[in-house]
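There are two complexes below, and they share subunit A, which is joined by subunit B in the first and by subunit C in the second.
This part shows the complex of A and B:
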C-alpha cells in the first residue's frame, strides 16, 4: 500500500522534473540532493570541515536570515488588517491584539523578531570582525553587510512609527528633529522624510511604503548578493 | 545493533513530528487569522428619521440603498439592490415600476420581476415606529407586500 502511494507520488515526470535525484538514501544521493536545491546549497558541495563548525560562525548570519524570513511572512499577514491611516492605525493595532484570532501572537512574532534581528545582525557583524572575515578578498561583502545593517535599522525605525501610538509618534518626532540638525541639508531632508513639516498622514504613508516595499525588496536583493559573494570569495574565511 | 536502529528511527519520527507539528500549527493559526471576527460594516437595522420627512410617493435613500414608499400615510420600505447583480434600480413614476440600468430588469410596484434577468423580487423590509416617533428599518426581517405601517395623520 505504502509502496503504491510512494510510486504514484515519486515515480512520475512531474516529481522528477522538480527533484532530479532519487530518494536521498545514501551519501552520494544526499550530496546530490543538496547540490541541486536552491534552498540547501548555501554551502558548496565540497567544503572545508572547519567552516561547518558551529563555533566558527555561531550560526549568526543564518539566524539573521531566518529572522528576516519570519518577519516577511508575519509582516505580510499583519498587512491584511493594518491600514496606514492616522485615524485607523492605532485602532487596527488594538484589534490585532484583542479581536483578531492569533493576531496577538503574530504581532508579537513580528515585534520580537524585529528587535532580535537588529541584535543578531549586529552580533553577526561582530563575529565577522573578530574573525577578521572582512579582509581580502572579502572587503566587498563586508561592504554589502554594512548596508544590510543600515537597512535593518531603517526597517526597525520605519516599522516603529506604524502603530501610531505615543511611543511611535514621539520616537519619530525625535528622529526627524535629529535629521534637521544635519548641516546644510538638514531642513530639506527633514521636509522630504516627513513629507511636510509635521509628523502626520504624509509621514505615516512614507514610512509605511519604505517599511513594507522599498526596504524589504532592497534587503532581499542584498541578501542574494551577500550569499552569492560568500561562494565567489571561496567560502568562509579560515586561518591561513 | 537493533537498539542503535531503534534510537535512530525514534529520533527520525520525533524530528518529523516536530517539523510537521510546527508548520501545521502555524498554517492552521494563519488560516484562522484570515477570518475576521469583527466587521466595521454599516448595521442591518437603523433609524431613518420621522415619517413626515417622506412625502407621498417613492423616496430613494442612496446611503441606505432603500426606497421608502408613502402611500397616503401607509409606509413601506423596499430594497434598492437589484436581485440580479446588485445594481440600483431606478423608480420610474410614469410607468409605476422600477427599472435596473445595468441589464434591464424590471420590477412592478409590488417589487415583482416582470422582465429582465433578475431571479427574485425586490424584498420588502420591516419598518416600525419607535417611541421617539422615528421610522426604524430592519433589513434582517423580510415582510410580505401586504404588511404596511399606517401612521395616523
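This part shows the complex of A and C:
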C-alpha cells in the first residue's frame, strides 16, 4: 500500500521532470539527488561521518546563514510597508504595530533575527578559532569570514536608523560623529555617509539603499564564496 | 637525443591531464585514499540535520517575536538629546573605549588594527597540529590570547550597556541614575 503511494508520488513523470530522478533510495540516486539539484549541489555527495557531529561546529555557521535567510524574507515583506521618508518612516513603524496583520511579529522577527545574527556570526568565529579551523588551506576563507562579520555589523547599523525614532537617530548620530574623528578623510567621509551635515532625509535614504540593496547583495556574494571555498578546501577542517 | 615537437606536446599533455585529474578528484570527492567507512552520503544524513536545525532556528526566532516586542521610542527629534545617547549594543564596546581618551584611538585605531590582526591570524599560526579539534593543548597560548580578546570585547559591551548613565558616568546596574 505505502509502496504504491510512494510509487505514484515519486515515480510519475512530473516529479521526475522536476527532480530528474525518483526517490533517492540507493547510494547512486542519493548522490544524484545532491549533485543534480541546484540548491543542494553546494554540498559534496559524501561527507565524513565525524563532520556530521554537532559538537564539531555547534551548527553556528549554518545558524548564521539561516538567520540571514530569515532576515531577507522578513526584510522584503517589511519593504512593502516601509517608506524611507522622514515624515513617513516612523508612522509606518506605528502602522506595523497597530494596523498591519502580524506586522509587529514581522518587525520583531527582523529585529531579533538581526541581533541574533550579529551574536551568532561572532560565536561562529570563536568556534572556528578554538578548533583551529582557519589553518591552511582555509586562510582565505577565514578572511572572507572576517569581511562577512564586518558586513554583518554594517547591515545591522544601517538598519538601526530606519525606524526613525529617538533610539535610531541618536545611535546613528553617535556612530557618524565617530567617523569624523578619522584622520584626514574624516570630515569628507562623514559628509559622504550622511549626505549633509545633519542626520536627515539624505542620511535616511543612503542608509536605506545600503541596507536593502548594496549590503545584502554583497553578503550574498560573500556567503557564496564562503560556501564554495568550504568545499574546495575539502570540507570541514579535521585532524590529519 | 633531440625531442620532437610531438613528443614534447604529449609530455605537456600528460602534465595537463594529471593536473586536470587531480583537480577533478579534489573538487568532487576531496577524500581520496580515505576509508569509505569513514564517510556517508549527504542525502539524507546531512540534509536532515540541516533541515532540523532550520526548524529550531525558526521556532526560536518566532517564539522570541511572539513574546518580546522590538523597541520603538518617540519619533526622531534632533533638538532633544537623550542622556546618555547610546550606539547599538554591538558598538557599545567601542563607545566605551571612546570615552577613555582621544576618539581616534578608541574609534578608529583599535577596530582597524583589530580587523587586520584577525585577518592575519591564519598567516601567523602556521602549525598543523590539532587542526579541527577543540582547545588543542598545543594551542594554549593562542587560545588564551583569543579568550582575552573575547572577554575584553564582551566586557566593554557589558560596561557600556549596563553601567553607563547620564554624561557617560559610571553607575552599577542597580544604582539609580540621578534625576533632575
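Please note the rule applied: the second predicted complex is superposed on the first by the 216 of 240 C-alpha atoms of A that agree within 3 Å, B and C clash if a C-alpha of one lies under 4 Å from a C-alpha of the other, contacts with A are read in each partner's own complex, and residues count from 1 in each chain.
Following the convention adopted for this analysis, contacts are C-beta pairs under 8 Å (C-beta built on N, C-alpha and C of every residue); 3 or more make two chains touch, one makes a residue touch a chain.
No experiment lies behind these values; they were computed from the predicted model shown.
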Would subunit B and subunit C fit next to each other on subunit A once aligned, or clash? fit
Once both structures are overlaid, what angle do subunit B and subunit C make about subunit A, taking C-alpha centres and a multiple of 10 degrees? 150
Where does A:105 make contact in the superposed view: on subunit B (first), on subunit C (second), on both, or on neither? both
Tell me the contact category for A:230 with respect to subunit B and subunit C: first, second, both or neither. neither
So, does A:212 touch the first partner subunit B, the second partner subunit C, both, or neither? neither
Which superposed partner A:80 touches (first subunit B, second subunit C, both, neither): first
Could you tell me if A:95 is touching subunit B, subunit C, both of them or neither one (first, second, both, neither)? first
Counting residues of subunit A in contact, which comes out ahead: subunit B or subunit C? C
With the two complexes overlaid on chain A, what is the closest approach of subunit B to subunit C, counting only CA atoms, in Å? 8
Overlap the subunit B and subunit C contact sets on subunit A and report the shared residues. 105
Within the complex, subunit C is touched by subunit A residues 24, 27, 30-31, 33-34, 40, 43-50, 52, 54-56, 59, 62-63, 66-67, 70, 86, 90, 93-94, 97, 104-105, 107-113, 115-116, 118, 126, 129-136, 138-139, 142-143, 146, 150, 153, 156-157, 160, 163-171, 173-175, 178, 181-183, 198-199, 231-232, 234-240
Can you name the residues of subunit A that touch subunit B in the complex? 77, 80-81, 95, 99-103, 105-106
Which stretch or stretches of subunit C touch subunit A in the complex? 26-31, 34, 38-47, 49-50, 53-54, 57-58, 60-62, 64-66, 68-78, 80-82, 85-91, 94-95, 98, 102-104, 107-108, 115, 118-119, 121-123, 125-128, 130-136, 139, 142-143, 146, 150
Contacting residues of subunit B [partner subunit A, same complex]: 29-30, 32-38
